[in-house]
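The structures come next, written out as structure tokens.
In the two complexes that follow, subunit A is the common piece, with subunit B as its partner first and subunit C second.
Take a look at the complex of A and B:
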């Protein structure tokens, strides 16, 4: 055996297991769901080809659009909630002292908890009778502010945003701290010598210098918002009256509660297309320079 | 004249120092409060786990008056947590070993060899990090059903590994790229083959990157919920998050037991977090930013 053919053999054998697993369990399912999305299929029996029928049905279904809107609400809550809060915290947590490290660790900690645990804890916090939130409002004499946090369709989606922000803020904080620590100290010194006001410094120096990082954070918000399924499944299951339905829970309920596998596949494909479009779109929008 | 202007400058700079100390103090207090609010749901969880049901809602903010240690033993038995832990341990360990070995091998090939379509393969793996996991639930369910893997450990292990590979390869390859080429050349002259170089040189040298990959993968596998929800319905095979979610629905009104069960399930992840928090933060950020 020549050395070059031995090398080729090694390359093939080395890549094969990873490639095989990845193709079979990640890539092929995506292609399959695009294919099954063209059929009316209950999971058993024969599948009937209906072309784009499932997609047409989805775009005519108000619940599909409600789910889409809720997904967008989560993106908005992340972009306008998580990013500014994390940025604000980061500006004050730059030192590597034990105190700053402790606060960073606390903020990051929910990331390592299972979303099942997070969902159940927040379910209890929001519980109308035994929940500590309503209990606290009672104690503070604000009984009129008490709400059916998760079972009132008009506010349930907003109630869910608090645990979502709480849960996923850690990585943004760490990214921003790393970016801020990378700003050369000469720039800071120069600003100090020129007597630049701190608010002016923030908007004219600091933010432009970490603009690339903010871009990354926005992309993360978008891809992260599609992951909120677990939390919402545990806390509300998409209810009441579909008010907290996400595209993922809409897909889940259609597929595994009423066994419309073809329709569920079409929604899956829509989710993939949507997330790729959103990521590409956000990248394009953020390409414009700061200011 | 000169002296007085000097002294006034001194006093104004002293005032500024005072002001800075003050604002610094206020910021620290605010940050501490933020950290406490962040940690509170978890503190509340542990506190409630020691209470009686009556104290759970009559005194939600106080410490328990007598600590009900037996809540934990009861919760362990009633929720059949031993079995769920066992399942979670098996699934996590097998997935972990497979991800590390297969991922490191692919990373070695991609980092050290030149071949056709190399960039294509790397792009393909990168693509995997942009795909929302939930959009593959339906087609993977159909696939698992066809190959009769539903309700087996493999239904979880194979997709877990497949979805972890892109990040594992990405982190390990980036680390291997920094090794100087001479190490392998020396080994090759000694007659060590590619497999020998991989096993005896690359693997041990990559240990820091591999440990980051391992910790992140551990957390993800241990906490994973949606695949378990869809692919596992046999009670004997339920993993920890799945069995907790069932337990919480079934025992919704036995608060102390639910809280104790949640506490028990959270302890391993908290310990891992406390030991490896630096790795976890850096790794999650690196894993998140890649896209």
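Take a look at the complex of A and C:
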């Protein structure tokens, strides 16, 4: 046996447990769920096979598309909010002074909190009666800016974006800092010798060097935002009147409030397909830049 | 070598321990002789996990039962109320029902019966006729399917009590509103003074439906119309009387009866608002009483009064009614047979029998059972509601009768209505959802 094939064998062996777990708890349930989506099933009693009926119903339901639109807003807010802010902060917080450490920890802080806690905190910030935000606006003499942050459907989606961005900057910050620290110092030195200005250095050296990391961050960001559920479920429950419904909360409500298990399964399968399309699309777009 | 040996020994030991463990479990499932009496293992699922008096009472009844019945081994799963229904539905889907479990009347009972997951308890009721006759009229209706009774309720939940704060009404020269016009007038007067007329917390969306619409619509349409519409048999939710009922609710909202942002606060926060005197009125269910007892001050409760929703001019319904449902009871799973069934009946009687009903009532929870109330043991507002409930008739609650999908459409529709949606469009959505879920 050559050493490289031994190495491969060892890698396979090492991956096997994780792969098995992934297969049993992720891949097989996805297939099952797609299969259940073909049935009209209340969770109790017999399931009736109705072919693609559930899938057709989902794509014809205006609330499904409203949830999709809201989800796209969250994806956009995350990709164009979380990733750039995290990158920006990472570029400035690279040093290890206590001040930088302090800022880094505070940015990462919300990530450690349970999303239920985050949801409740922001629920109180936006609270119509005792909310800190409206109170502050009053004190600053900006009473006309006061809003019903979570119950006015024309702004509630935007109100929800703030905690979502705030909550998830942390992990991207860590990823970017790690990537920036991995840029060999020789390249920095070479750039210095060549007399590269800082903005030129950023766009011609730093960003291309960590471009793969940014790509990964964007994929994580898209898939994470498509799964977004907990914060919104706690803060608005998808309401009022479906105005902040997301794909995941739409699926949850159909499955566990109305007990349409078959329909819920069909919706979750549709979510997976939409996510794959979006991630493939974003990868395609990002391939063109820089390379 | 030594290492290998020790590992081998440890492994063998572990495996044999696991195996004996399994063996023990096997024999534990069977009924075996213990002290001349048969030992029975019984699984019980309940949602009495809270810190309120009623949950504590139920837990102490269960503990007492365990002490008195050493031959019955209880396997108890106490699940917090928020997740309870979902957990129960999940085991129901997997056909692994517990022997005894807290079950809701109406839709849930029907679904479990249709899935052949529960058994009737007629036997138990017939063996204790004085207990059976102690229940208030209609208590078993929502647990009955084709003459089979599937549970006995341990609670009564009137859903649309109009709570008012007497001192706020007095200060503004107002009477307790008896008619719709008086209510609108009270709203206007209070609004001008900058006081929230009616506290509402409709974030979870069922509040406007269970507490306001169930009674308000009944005043307008009458009960018969609603039962027909829910069954989609001779009436539809697009009928003019229902649209009119929606219009009344929207008018109330447009008059500024509810505080701003009512769709962003929940039922508990609304009860707090009212208890703290930040609103003159509140339309809420009997469940508010246990919360008041636990959280509101004596002085605050002394100011509270309770009545029915005001009458509607020209309405077809009886104005002297409250919408309400009997509360949960214990369901008997299909798996409980023989000695297990006997034991389950004993536990059911302990938890829903006359003594239990009395203790539950004394923990500020209304029951659907004839018990003389000792007023010194409960809060003043509870005593008032107890009297009110005994003098009015009960009408159905929307989500207790409609299908889950239909009720969900009402919930979301009312949020939309109170944000300015058109009553006709909302009525149509409700009609479509109810018709579709019934397969009509």
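Criterion: the second predicted complex is superposed on the first by the 253 of 291 C-alpha atoms of A that agree within 3 Å, B and C clash if a C-alpha of one lies under 4 Å from a C-alpha of the other, contacts with A are read in each partner's own complex, and residues count from 1 in each chain.
Heads up, the rule we're going with is that a contact is a pair of C-beta atoms (placed from the backbone, for glycine too) under 8 Å apart; a residue touches a chain by one contact, two chains touch by 3 or more.
All values derive from a computational prediction rather than experimental measurement.
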Worksheet item: Should the pairing of subunit B and subunit C on subunit A count as a clash or a fit in the superposition?
Response: clash
Discussion item. By the touch definition at the top of the document, which applies to A:148: first (subunit B), second (subunit C), both, or neither?
Written reply: second
Fill in: Touching partner for A:126 - first (subunit B), second (subunit C), both, neither
second
Worksheet item: Should A:19 be classified as contacting the first partner (subunit B), the second (subunit C), both, or neither?
Response: first
Discussion item. Per the contact definition in the header, classify A:236: touching subunit B only (first), subunit C only (second), both, or neither.
Written reply: second
Worksheet item: When the two structures are laid over each other on chain A, which of subunit B and subunit C touches more residues of subunit A?
Response: B
Worksheet item: Should A:187 be classified as contacting the first partner (subunit B), the second (subunit C), both, or neither?
Response: neither
Item to complete: Give one of first, second, both or neither to describe whether A:261 is in contact with subunit B, with subunit C, with both, or with none.
Response: both
Discussion item. Which partner chains sit in contact with A:52 here, subunit B, subunit C, both or neither? Use first/second/both/neither.
Written reply: neither
Item to complete: With the two complexes overlaid, spot the stretch of subunit C among 22-30, 58-66, 76-84 or 130-138 whose C-alpha atoms clash with subunit B.
Response: 76-84
Worksheet item: Both subunit B and subunit C contact which residues of subunit A?
Response: 43, 123, 129, 256, 261
Practice prompt. Please name which positions on subunit A make contact with subunit B in the complex.
Written response: 6-8, 10-11, 14-15, 17-19, 21-22, 24-30, 32-33, 36, 43, 89, 92-93, 99-100, 102-117, 119-125, 129-130, 132, 135-136, 166, 170-171, 174-175, 178, 216, 219-220, 223, 226-227, 229-230, 233-234, 248, 251-252, 255-256, 261, 264-265, 268-269, 271-272, 275-276, 279
Discussion item. Going by the contact rule set out above, which residues of subunit C touch subunit A in the complex?
Written reply: 86, 89-90, 92-93, 111-112, 114-115, 117, 202-205, 259-265, 269, 273, 278, 404-405, 408, 412-413, 415-416, 419, 421, 437
Discussion item. List the residues on subunit B that touch subunit A in their complex, please.
Written reply: 27-28, 31-32, 34-36, 38-39, 41-42, 44-45, 56-57, 60-61, 102-103, 105-106, 108-110, 113, 115, 121, 124-125, 128, 130-143, 145, 158-159, 161-163, 165-166, 169, 193-195, 198, 219, 222-223, 225-226, 229-230, 240-242, 244-245, 248, 255, 258, 262, 265-266, 269-270, 272-273, 277, 280-282, 284-285, 288-289, 291
Practice prompt. Could you pull out which subunit A residues touch subunit C in their complex?
Written response: 42-45, 123, 126-129, 148-151, 153, 236-237, 239-242, 253, 256-261
